[in-house]
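Taking it in order: structure first as structure tokens, then the write-up.
Just so it is clear, A, B and C label the chains in written order, and each chain counts residues from 1 on its own.
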């Protein structure tokens, strides 16, 4: 089951640049929340702060409180432990190139010490089924490498890989921006189904996508969260003029 | 940013204003024809109907294209939807003007009767409503639209009074029944025009405030970013 | 004069290529081909010369027997070939892990001042003359324990390390960061990511680097002069002097004996054949994709 996310007074820096300023947000469990905004507004940074991926960049730091379910992200557990409970899908599909499809999906488990072959088989099948890839690869998943699939399939593979460790939250950083419309459609369909079991946060610069898949939307601008509300409200009658200017294409 | 799109929105607005002008002119002409018992004006109203229908189709087509091709959002989306609805109402106004003109043509053939009903006063009020509704659209001001909604009650009362008086007249003076009937129908047409003006005002409020105030159902009005705008960009 | 109404574009497209341009093109192509020949010529000459001078002396005896005293017919360089292989093995055991380890450090953790110092040191080490390496190894190993295969191995290892380090670093840097991020996103720790993911992705490149280092040191003579010394007999003890092919060629070539000089040619030919063979093997294996890694 998915859990909610509480963000309180989140600030993030790249060196001296104050990339995120006092972000407060509540992400509802088992819903999809979209994060939109023009380039450089901090939406990717925000999402990467949720699983502490932000820290992997040299000279980057973050302060504030992020609670995911009952887990305090910044106080207490190590970053790697946090990341095992949170799944992440990136903008450009990045399957491990030297591993087969099977090994890719199982990577999160194997690399963290889990080796029960039978259970792995079950988990891999379940994850691939969930990401609508099972039928396409079930015969070749041990032989073909992860990199031999098409772009859309690779992204679904990455989703399966993230799902295999059964995270409670899925973070998606512009997952469809490198894909064609049909693959995008399949993944959006997937997100719809994933909502039942997971909480999803999706960064997107495609507003139509946000309006299609997300129940809630947050609009970021220059590092601040300008407006956060139900998606219909944001796209039919937003409260803040800046939000309206952005979504009607008057800037950005 | 999306300058081509905004230019097209301006074009749509201009066309609707033209439509409004044609409809307003038709009503004014029809009322004037009643006062002056002028057949020529009646014919002008009837001929003007074609043009109104053509412009209505053009506006609908343009709005449809913009919806399909430009993925308008928020205020732009509300604007285009409001335009399509106002468009339909204006066409109906044109139809009512034609109805009035036909009644006048009938009346002119009959001897002039002295009817205890002030159609010209009602016509003035209705004309004002239409004009104010169109103004509220031009200015994008919800307050002006709100004023139109209030005037509707006045016109309704006028129509009810006219009905009562004219029915009494028909009972007491059966020889001028046809004239009274014509006048009654004209009163009803005018009341219809007022209703359409009210609809137009409601659509303007929807566009500007994002609030659906139709049918007097109170709706939780959430704050809207759209301030009164004079132009769409 | 072109008609003023014709467009500029059609002028460009329609105009024939002038003779002057064709001439320049031909000259440049010719110069490039000449340069290639200039490079291949010495290589070809070396091969030809070695084959002419040495092929005749290669026989079964040569490849299987130990050297005989001058004057006696027969004898070979079998122990020298084996000794070279032995010392290369020792050098690899020391040089490869250290080199790869340093390369990993530089690529993953060394984007700082300290890393730059190490890089600089490695570059300098690369340029140090091999004879100096030999002297250093002499000081470290021989001075205390005498000439030995180990000393030879050490000298060769020190020479291998900078090449392997730089190649490993470069190959690891070529692995796109998205691959590392994917691993971090799964909650894999940094060191595990580096070993299981990043290094695995760069495997073919790293192996190429190792092979290059191998080829570089396989034919070295000067460092072995002070360390392995040479041996006319078979030796597998790590702490005793050992024969090496390059050493043997040196000794024989500088000797006054006709027979030995003949054998020196043969030895040189064998040496170069083995080096070409090993480099080719690596290229073939890499092109067949047998060394799995990032494409």
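As a working rule, a residue touches a chain if its C-beta (ideal position, glycine included) is under 8 Å from a C-beta of that chain, and two chains touch if they have at least 3 such contacts.
Remember, it's a predicted structure, so these values are computed and weren't measured experimentally.
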Looking at A-B and A-C, which one has the bigger number of contacting C-beta pairs? A-C
Just by CA atoms, which chain is the most central one? A
Looking at C-alpha means, what's the farthest chain from chain A? B
Compute the distance, rounded to whole Å, between the mean C-alpha positions of chain B and chain C. 91
Measuring centre to centre with CA averages, how many angstrom lie between chain A and chain B? 52
Taking each chain's mean CA coordinate, chain A and chain C are separated, in whole Å, by 46
Where chain B touches two or more other chains at once, the residues are none
Sites on chain C touched by chain A in the complex: 111, 176, 178-189, 192, 196-197, 200-201, 203, 292-295
Chain B contacts chain A in the complex at 1-2, 5, 71-78, 210, 222-227, 233
Over in the complex, which chain A residues touch chain C? Could you list them? 51, 53, 56, 58, 80-85, 87-88, 90, 92, 94-98, 107-108, 111-112, 147, 158, 161-162, 165
Touching residues on chain A, where the partner in the complex is chain B: 207-208, 233, 235-241, 243-244, 247-252
